[in-house]
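Both of the next two complexes hold subunit A, though its partner changes from subunit B to subunit C.
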Partner chain A sequence: MSSNRYTYGVIEQAPLDIDVTGVDGAPIDTVDYRSLSAVVSEIGTIEPERTDENAAAHDEVLRAVLQSDGGRTIIPMRFGMVFKTENALKNVLRNGRVAFRRSLNDLDGMVELGVKLVAKEGSTVDRRAVVEDVATRLRAVADTEAGNDLYSDRLVFNRAYLVDRADQPAFEETVAAIRDAYDDSLLVQYNGPWAPYNFVDIEIGAEGR
Partner chain B sequence: MASDRPGADSLADVLDRILDKGVVIDIWARISVVGIEILTIEARVVVASVDTFLHYAAEISKIEEVTEEGSLEDLENLEIRRTPATQAQYPEAT
Partner chain C sequence: MFVIDDLLINPVVSILEGIHSMAISELYDTTEIKNEIKENRLLYELGERSEAEYERRNGELEAQLEIAREAHEQTRGKVEVMR
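Right after this comes the complex of A and B.
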């Protein structure tokens, strides 16, 4: 038995019923502080290895929470947030409660969807025009957008969208229309739903360290 | 009308998110044994009526000005920065 708790994210406190195991195959549990719950599992180390397996486990827990109970909202933690004790975790929930509450309220009912456009071999598409057109179409069916790095020369467009669950079908129709419009020059990669990774930015530190 | 389903998420998409984004908590706040560490909270919620980057940037600079003046008006808690966290919510320029 270890007192260490690997933490996946923060949710509204309510019974959590998910059928996945966490990092290192550990069962999922929650640590509660007032109206907030942290989704956790027990772990033997304070620094889990960044293996593909562990990364996938982290992602699968978040995904399961997103899909549970008709769709829940979770404020995602970065990989590797292990707390030495439940008390240390509760201390962070207590001190960060304003930020967590506000995020949960603002992101309620929303999911993150990702769209990437990759230029096909030999494509001579006008990138600026494509970006403008695609961004305009997607903004019309999304709440907010966030841009990400174009880490490859062939990557033309890489953005994340915050979308109300009710608007997801409209978003998907728009993605299909974009795919049709640029079929001869671009590959459209549509992924998600994700926890709202691109739409929370919370850092908690210890004073004077 | 045709519709698109999300494709299988590649490991690259997963790593791009879970290693670079999400809530970050300092190691000292996570190993604190006594639980009386004074914590600093920096939060920016990147949502709600912010539909373009330009608008977002303008909001942030407005918030920074407000924060420097130490006034809570117009801040609307978009950015919450308080030090130490045990005090009342009151932004401080740092």
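Right after this comes the complex of A and C.
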């Protein structure tokens, strides 16, 4: 038994019924503080290795929470957040409760969707024109957007969108239309729904760990 | 004698360390390697790269990243790595 708690994110306190296991195959549990709950699992280390498998387990837990109970809201933690004890984690929930509550309210009913456009091998595209057109179309069906890194020369567009769950079908139709419009030159990767990684910015003091 | 030695030796040492740190910075640029890891994954997800090719390349890049991290670790505190 380890007292370390790997933490996935923070939710509104209510029973959590999800059918996935966490990092290292550990069962999912919650740590509660007043109206907040942290979604956690036990872990034997304080520095989990960021393997593909562990990163996928982290995402799977967040997605399961997002889909549970007709769609819950979760403030996601980045991969690798481990607290040495439940009490250390409760301290963080207490110290950050105002920020957590505000984020839960702001993100209520929202999911994050990602769109990447990749130039097909050998194709030349007018990048500026593509970006302008695609961004305009997607903004019309999204609440907020966040730009992400163009980490490859092949990447033309890489943005995340905060979208109301009710608008997700419209967003997907727009993505399909973009795919049709640029079928000869671009590959389109649409992904999500994710927990809103790109739309929360809560600093957690290291002393709390 | 001590003062003279110091003056003679130090400039050389610091220049050498400067060159060394620049070389490490270029050879072991972790950002560049991380970007290649992400690109490899993206092209695999889009079906342009086979699973075998993805795994092979990913293994190479992860090994490079490990070496780069160790190189940075070893120089930390001794020389400033200029970016």
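Brief remarks on what is shown
Note that in this section the second predicted complex is superposed on the first by the 205 of 209 C-alpha atoms of A that agree within 3 Å, B and C clash if a C-alpha of one lies under 4 Å from a C-alpha of the other, contacts with A are read in each partner's own complex, and residues count from 1 in each chain.
Here, contacts are C-beta pairs under 8 Å (C-beta built on N, C-alpha and C of every residue); 3 or more make two chains touch, one makes a residue touch a chain.
Just so it is clear, the structure is predicted and the values come from calculations on it, not from any experiment.
Room for both subunit B and subunit C is found when the two structures are superposed via subunit A, with no clash between them. Of the two partner chains placed around the shared chain by superposition, subunit C is the only one that A:E121 touches, whereas subunit B remains out of contact. Figure note: vertex subunit A, arms to subunit B and subunit C, all at CA centres after fitting on chain A; angle 80 degrees, rounded to a multiple of 10. Look at A:V200: by the touch rule set out above, it reaches subunit B but stays clear of subunit C. With both complexes superposed, B is the one of subunit B and subunit C in contact with more subunit A residues.
By the touch criterion defined above, A:F83 reaches subunit B but does not reach subunit C.
Of the two partner chains placed by the overlay, neither subunit B nor subunit C lies in contact with A:D164.
Shared-chain residue A:E42: touches no atom of subunit B or subunit C. Contact with neither subunit B nor subunit C is seen for A:D24 once the two complexes are overlaid on the shared chain.
When both complexes are overlaid on chain A, the residue A:Q189 reaches subunit B and subunit C alike.
In the superposition on chain A, A:A99 contacts subunit B only, with no contact to subunit C. With the two structures overlaid on their shared chain A, subunit B and subunit C come no closer than 5 Å at the level of C-alpha atoms. Residue overlap on subunit A between its contacts with subunit B in one complex and with subunit C in the other: 189. Against subunit A, the residues of subunit C that register as touching in their complex are 34-35, 38-39, 42-43, 45-46, 48.
Note for the complex: subunit A touches subunit C at residues 116, 118, 121, 151-152, 154-155, 187, 189. Put simply, subunit B touches subunit A in their complex at residues 1-11, 13-33, 35-48, 50-53, 77, 80, 83-86, 89. Considering their complex, residues 9-10, 46, 50, 52, 55-56, 58-59, 75-79, 81-85, 87-92, 95-96, 98-99, 102-103, 106-107, 110, 113-114, 139, 143-148, 162, 169, 172-173, 175-177, 179-180, 188-209 of subunit A touch subunit B.
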